[in-house]
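Let me give you the structure first, and then I'll get to my questions.
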Amino acid sequence: MLQRLFPHPLLSLLLFVTWMLLVNTFKIGSLVMAGILATVIPLLTAAYWTNRPKVRNIPAFAAYVLLVLWDIIIANIQVAKIILFYRSDQIKSAWIPVPIDLKTPEAITLLAGTITMTPGTVTADMSSCGRVLLIHSLHAPDPDAIRDDIKSRYEARLKRIFE
Amino acid sequence: MSLALIAALPFLGALLPGLMIRAGKNACAAVTGSVTALALLLLGLNAPAVLRGEVVQTRIEWIPSLGLNANFFLDGLGLLFAGLILGIGLLIILYARFYLSKSDPMGQFYTYLMLFQGAMVGIVLSDNILLLLIFWELTSLSSFLLIGYWKHLPEGRQGARMALTVTGAGGLAMIAGMMILGNIVGSYDLSVILQNKELIQASDWYLPALILILLGCFTKSAQFPFHFWLPHAMAAPTPVSAYLHSATMVKAGLFLMARMWPVLAGTPEWFYIVATAGLVTMVMAAKIALFKDDLKALLAFSTVSHLGLITMLLGFGTVEAATVAVFHIINHATFKAALFMSAGIVDHEAHTRDLKRLGGLRTLMPITFTIATVAALSMAGIPPLNGFLSKELMLEEAYHTAWGPNPWVMGLLATIGALFSVAYSFRFIAHTFLGPVRDDYPHKPHDPGFGMWAAPAFLAVLVIVIGLMPMTASAWLVNAAASAVTGEVVTAKITHWHGLYAPALWMSVAAVGGGLMLLGGHKRLMALWNATPRPEAKAIFDAIVEPFAALSRRVTDAMHDGAMTRYVAIATLAIVAAAYYGFRTGTHAAGTRELMPVSIVPAMGWLAMVVATVAIMVFHRNRLFTLVLVGILGLMIAGTFAYFSAPDLALTQISVEVAAVMLMLLALNFLPKQTPVESSAPRRAWDLAVAGIAGIGVAALSYALMTRNFAYDSIAAYHIANAKPGGGGTNIVNVILVDFRGYDTFGEIIVLGIAALVIYALTEALLRGGPANDRLLAWKPDQKRAGDRHPMMLVVATRLILPVALMVGVFIFLRGHNLPGGGFIAGLVVSIALIMQYMASGFAWTQRRQRFDYHAIIAAGVLIAAATGIGSWLAGVPFMTTNFAYITLWPLETFEVATAAIFDLGVFLTVLGAVMLTLASLSRIAIRTGETVNTQPFDIDPSEGRTLDDLDAKGAR
Amino acid sequence: MELLLASALGLLTTAGLYLILRKRTFPVIVGLTLISYAVNVFIFISGRLVSGLPPIYNPAAAGYADPLPQALVLTAIVISFGMTAVIVMMALGAFIESGDDKVDMNDKDEAGTTK
Amino acid sequence: MLLIAEYLIAALLVIGGIFAVIGSFGLLKLRDTMQRLHAPTKATTVGVGSALIASMAYFWLFQGVISWHELLITLFLLLTAPITANFLAKAQMHLAIAEKDLPPSGVGTQWATYDEELRTVAPTLEDQPKS
Amino acid sequence: MILDLALNFAFVCFGLGLLLNLYRLFTAPGVPDRILALDTMVINVIAIVMLFGIKLGTGMFFEIALLFAMTGFISTVAFCKFLLRGDIIE
Amino acid sequence: MMSHWIIAPVILPAVMGALLVLLMRGDLLLQRIFSTAATVGLLGIAIALVWGATQTPAEVYFLGNWPAPFGIVLVLDRLSALMVLLTALLAIAVQLYAIGSNWDARGRHFHALFQFQLMGICGAFLTGDAFNLFVFFEVLLIASYGLMIHGGGKDRLRAGVQYVAYNLIGSTLFLFALATIYGITGTLNIADLAVKVQTLPEGEMALFRVAAVMLILVFAVKGALVPLQFWLPGTYANAPGPVAALFAVMTKIGAYAVIRFGALVLPPETAATGTLIADLLMPAAIVTLLVGAVGVLGASTFGRLAAFAAIASMGTAFIAIAAFTPQATAAALYYIIHSTLAGAALFLIADLVASRRAHDRLTEALPPIAGTGLIAGLFMATGIAVAGMPPLSGFIGKLLVMEALRDQAALIWSVILGASLLIILGFARAGSTLFWKAHASGSREPATHRPEGLAFVATFGLLAGLVVLTVFSGPVMTWLEEAARLAHDGADYIAANRLPEGN
């Protein structure tokens, strides 16, 4: 019953919070409304999200988010440095295939997103089998190091969270 | 009442033949005839009074404000003409019964005939010149039908058209003339107009009115130079010719000249125009008649000639001449109708009317011969027949009338006309009936049955009777009619012998002698005539009308050739020019409103906007880039709205702009991606100039507006003051939308709903079998397509973004009444969120997961909005009167409940449904081009074991 | 600021009309979009320019931007959106039916066929 | 306290502004499209992020309103930037980059953007839905 | 005071970014670059709108910024999908 | 006592349109029944409104219960009631024809669009608010777009694109005009506008004149006034027959609006605009009549002939309107009623012919069609009406217009009468080709065609309307003169709005 009422509990939670952020005031009425919407909207959209992933380790997920936020700041400073201080011919861009072990689409997407938001890398494409991500690196003197860094710093953590 | 009934009877009678024709031709003719007879009877009942000198009147108010009333009056003139029309009409009905062949639709014929008869009777009985005009034009129309009765004959069609054109044009001129007359007098009633001779003739408008009215008369009576249509009308069946072109319609012009004689005649203008035209017509038409081999053509031109004669007499403007004119009208009607019918009998029996193929019928058709001879001799003016009497009187009048300083030209020409008249009359007899019997008639001729010759015989008897006893047989009628024409009491003295010294006697003798001489030398004259080049009336008419019609077609087609670009350029220039004219002719004061200082960010936005706008003009051929630029413009305008305190507008602008760009992208998929260069550089420069002029106008207007204050307090002050207390919302814009001007919004959502319906219907039409469908089935994408239709990242992100965006939609909807937002923006936000879902996994996939009835959503939206409005009726207040209340429900805070919110829900649903239905339609078109529907949300799913590796392992690849 | 807006509006109108005078449906539709942008802003400025005073009722507000033109613009935007959707689809339909996307039609050649 | 806050907000604004300029500048300076993709997807998110946080702080400290919803925009931008980059990269690959100029995936399959037969992987329905 | 200064500095920065994007839009070698420039423009505009909110001390601009973010994202994806597949909602 | 009936002509079709979409979109028979019922209902309401307008001078319906000029008002006076009645009458004929000829089955949503079209038209006639007039213009336009391309097809869609594009430009102009008017006067209520324009400061006059010109030109686009008439032939000739017939009232909306604004807000006595409108309108109207008449003579197809006849009729109507006197306006109204019915009949007949032939070109004859006699009779009668020949109402209308413009007789009368001649000529030639020449073209066997009883009933109905109009011209004119007097006087109209003092 509860399963059917809340097909995506995490989504419901997210929506509840989103509503409170949107209304920007803390009132009982808002809470009621948030509750209603957090129930109804997942029901309405459940059809488009059938195989929902299980986040097994929420603290790890939180830690991952913080890590990524920090990396984003660092990444920005690095990119800024490259843009401002490197001559064009000094920038060594590279395409890097990164084989991945993750299987759930959500995890893969999260990894791909993380890669884009963090130091000098953008997820450009995926292999037809879904096993390899194609990364473009802005400045990659050592492509292998970047690939290993991705696997150890992000993928391993995501694997713990999702699988 | 009875006069109106007389005029109405033929029209009522026109309905009967069509009904009666099933009962047989005799019944049809009998019914038609009895209606006419009844009308004649009614006329007869009024006759005694009229002959006593009274005027019978019937007045029925119709359109008093126009002065157009169904007023009828009957005086001597009316009695004469009505009698002729109905009497001869009766004879024609009889004659036509036997004349028409089996294959001719008789019901139709009688219907047309009765229409015509009614119109004629109407003309002569009208006591209102506007009413008269109605009947006048009706004769043109009904004669058009009668002349074109034999539709398979091209002469019939052309003759009918020519007659309609000429008499129609004359009729139009007459409308103007009559209206001028009415405006001079201040009444359209004839009986009033006829009392105002001095007023009319003193008016500056007298001459225009005279000319215009005479145009009508001359065209209808085929007077020079409008005589040419009449012979071509001879394509009509002979009964028609006999009726229309001898006895009645052509006399309508004469009737009108006679009718208006008291107020129009007597001036030099009248004399020179009317008498001259009549004289010229008389002589010229008589001459032409002499050389016509077609019996009916001969008679037609003779008719023209005699009409000219009567016109001339009326033109003299004297009481005596007018009296003669009246007398000749009677005489001409009798002998000419008889002649036409005789000619018809000849044609009917011998199957030809060509004088060259006739001759010798005297012994084969003795009865016809007798009738025709009597009538023709009368036409020639041979004593003692009635034609002689009026001709003598005519010559007498002509002799005594001077044309300008010249005293004898009138008499001379009149004599020459009479001379020709003698010649063609005798030719008619001689070349038809006299001479040896031939053996090459197209058909063996013999006299027809009694039914067919009865009518002409009756007329021939009349010719003789009037001829022998004019005073007994006709003077009473002539007197009555002539008194009516002249407005004086006329007592005609008609005698055969005016004394040896009467000039007319010798003129007559000269005419008969000369006429016989002409006939004697006819062969040589005919050769001479044939050798002389003559303008052919039809050729001239065609030479005027056809090029004009062709020119009309060229001009019209060239102007309206579907060149939209030119239409728009013309419209633009016209609008700017007119607006500029309006501005220049008014007083203008420069604005005094304080300007707003320029700050840096708006200046940058302005620069972006200017650059993007110019870029669109420059790069518009690259369509995708154009859309990107449109996106920038939309963004900048949204920013402008935001900057100048219009948050609702900014929200709406940006969401509408995205939806529109999406739509254009979807369409662009099927369209060419580039616009080819099709205009020359000068053309582009011209277009730019046109557009630039309008642009300058808009800039100037907006600057002028922005730099001044309102001339009056804006009504918006009321909205601001009442939004919260009266409308229950703090977002004044939203309160205006759902409350103050909710009715606008109601219309607006219906526009949106209709748009979706139109798009849906259009899609259905395209997908129906046909060229469009074939083209779609054969459609090939014009650009290479990448693999991976539905990349995983977007699908996964959408799983989060969609719910959040829906929530944002709800948020924007709910707060709309108090803060920027509302149903419309919310509808668009939700639509855009759904579009994202469609982009992620495809429309069809999404629709299969969860099907919405978009039609129902639209309709529900409209109905909810309408219901909110209608609901207020229950409370006894007008449509769309909103209500709101503050409700406190523990433990919640006090919240507002407003009916406006329900209305806004209707808006929301309509917007949503409309956008979705549009997308669904586009998607269906795409599917018809061969697009497939995916069963999975994204293409690559490593978790489900449907990867290429697995497929490789299974050997599927 | 008034001059900036006026000039931008004039330019927008010019560009819009220039595109409407092109011979293919696509630029014409874009042109119509541009002039509808122009007129929307024009309606808006008929309430005169005000910055920082949104028409949201607030007892402390120093004044308000004229809300009425804003409401009118909203209506106009929505309507022109519907119109744009329709003409886009009609242009697409005409293209699919005839195989080209010309705006002008030769009425003389194409006229007269039975509907 | 307020002064510190003011400096903090000012700093955030300045940082945001600088990053915005850098991001947009990178768009001009960098050599090829793939490189340029890096600049705005990162730099501007921080730029806007700073501005948004500045806004939050401003309203919190100066107007006494705890304004959370700027956070929503920041999160939204963080969530969508990778998708945007992914699509732009795919578009660039599709239009301007030959498959042979890219390293192989190493597992024997093509990169998805170039795999024209990919849609055979996901079964499709050929019939047309009735609406 | 310092806040005003910083605010104006930020305005100029984001405005400058906007103009640089515009320049890139026209000089771009390919369509993806143009879309990228447009996307960046939207982000800069969002920032400007928020700064404007700070300047006027009103939260009125939040929804505008949010909607700009949503629509900017969706149009970018739509343009790219168009380039990739032609039909954006196939 | 405010009567809710005033808004019924808008609400009834709107609700019915929505219900048709919601409940019956799959069932044509139900659509036909309910849509026709709604139209009949509309007619009943219209009759009641005319009755009501005859009893009281002007009645205002305050939407949302907001006072004028702040809310939107509907105004029922003789003029608006008349136009609603005319719309309803025409609608019934057109609807019967569409059903009888099966046109409504050749595409989707015919009846829903038809109802929405009626809603838009009635809304435009009834509104007392300038911006609301724009909204309802758009409603009726967008419905007309759908109806115009009903059934699809290459030419129709291409012509449809032109029609839409041209009208979008018109709508844009409308908004420019409204915004300028609002920007000067600060009001949108028509009555309020009329009051305020009287005291307009001199310095504002030039701008206001620009707005007035733009506004009238918008109506001129709808009314197909030269040089803004170009859209009409392609649109009408390519629209489905019954739709073109319904469009007969669409051009009249332009005429109506010019009368409403010209008489109430911009009369020649107003200092601000003076005779500006008349000065621009009259020459344009004269040229319109001539362009239409020449077009009738030169039309290459029957459809275009009918379209140019429509243009000519608008020329005549605008000539009368441009005089801006009550008498001329009454004449214009009479002529509008007449030309709506006659023009519609002509389009229906064109469709009867076209549906029985391979083409409707007037340049070549085809064998006789089924029912030639009947159709030719209808054609002749309609031609008589359109050309302004007696005895039908066209003649009376023409006389009324001429009589009302006797001050400018030399020019106006010549133009009207000359145009009549061209039209007569054009009709005679067309009829001869369509019906008479057919008999000479060899085959005497008429082609067979499915009988369309209802279609003929509809066409006859319109002609019967003309006959009734003719016979009862007297009382009709008396009624119209009062309508025109009230429209020009404006006092009742303004008083009914109950505007606040000194606002």
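Per-chain residue numbering starts at 1, and chain names A, B, C, D, E and F are given in the order in which the chains are listed.
In this section, contacts are C-beta pairs under 8 Å (C-beta built on N, C-alpha and C of every residue); 3 or more make two chains touch, one makes a residue touch a chain.
Just so it is clear, the model here is predicted, and its values are computed rather than measured.
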Partner chains shared by chain C and chain E (touch criterion as defined above): B
Chains partitioned by contact, chain E not counted: one piece
Centre-most chain [mean C-alpha coordinates]: F
Identity of the chain that, by mean CA position, is farthest from chain C: A
Of all other chains, the one whose Cα centre sits farthest from chain F: A
Of B-F and A-D, pair with higher C-beta contact tally: B-F
Centroid spacing, where centroids are CA-atom means, of chain A and chain C in whole angstrom: 40
Centre-to-centre distance between chain D and chain C (centres being mean Cα positions), rounded to whole Å: 32
Chain A-chain E separation of Cα centroids, rounded to whole Å: 22
Whole-Å gap separating chain B and chain E, where each centre is the average of the chain's CA atoms: 59
Chain D, residues touching no fewer than two other chains: 25, 37, 45, 65, 67, 69, 72, 76, 79-80, 82-83, 86-87, 90-91, 93-94, 107, 109-110, 112-113, 115, 118, 121
Multi-chain contact sites of chain E, meaning residues that touch two or more partners: 11-12, 16, 18, 31, 35, 59-60, 62, 66, 70, 77, 81, 83-84
Per-residue multi-chain contacts in chain A, two or more chains: 18, 22, 24, 112-113, 123, 125-126, 128-129, 131
Those chain pairs that satisfy the touch definition: A-B, A-D, B-C, B-D, B-E, B-F, C-E, C-F, D-E
In the complex, chain D residues that touch chain B: 76, 79-80, 82-83, 86-87, 90-91, 93-94, 107-110, 112-119, 121-129, 131
Complex contact set, residues of chain F against chain C: 131, 134-135, 138, 142, 145-146, 149, 151-162, 164-165, 168-169, 171-172, 175-176, 178-180, 182-183, 188, 233-234, 237-238, 240-241, 300-301, 303-304, 351, 354-355, 357-361
Contacting residues of chain D [partner chain A, same complex]: 19, 22, 25-26, 29-32, 34-35, 37-39, 41-43, 45-46, 65-69, 71-72, 78-79, 81-83, 85-86, 89-90, 93, 102-107, 109-113, 115, 118, 121
Residues of chain B touching chain C in the complex: 557, 560-565, 568-569, 572, 593, 595-599, 602-603, 606, 609-610, 613-614, 616-617, 620, 623, 626-627, 630, 633-634, 637, 640-641, 643-649, 652-653, 656, 659-660, 663-664, 667-668, 670-672, 675-676, 678-679, 687-688, 690-692, 694-703, 705-707, 709, 714-716, 719-720, 723-724, 729-733, 736-737, 740-741, 744-745, 748-749, 751-752, 754-756, 758-759, 762-763, 765-766, 770-772, 775-776, 818-820, 824, 911, 914, 918, 921-922, 925
Complex contact set, residues of chain C against chain B: 1-30, 33-34, 37-38, 40-42, 44-58, 64-75, 77-79, 81-86, 88-93, 95-97, 99, 101, 103-108, 110
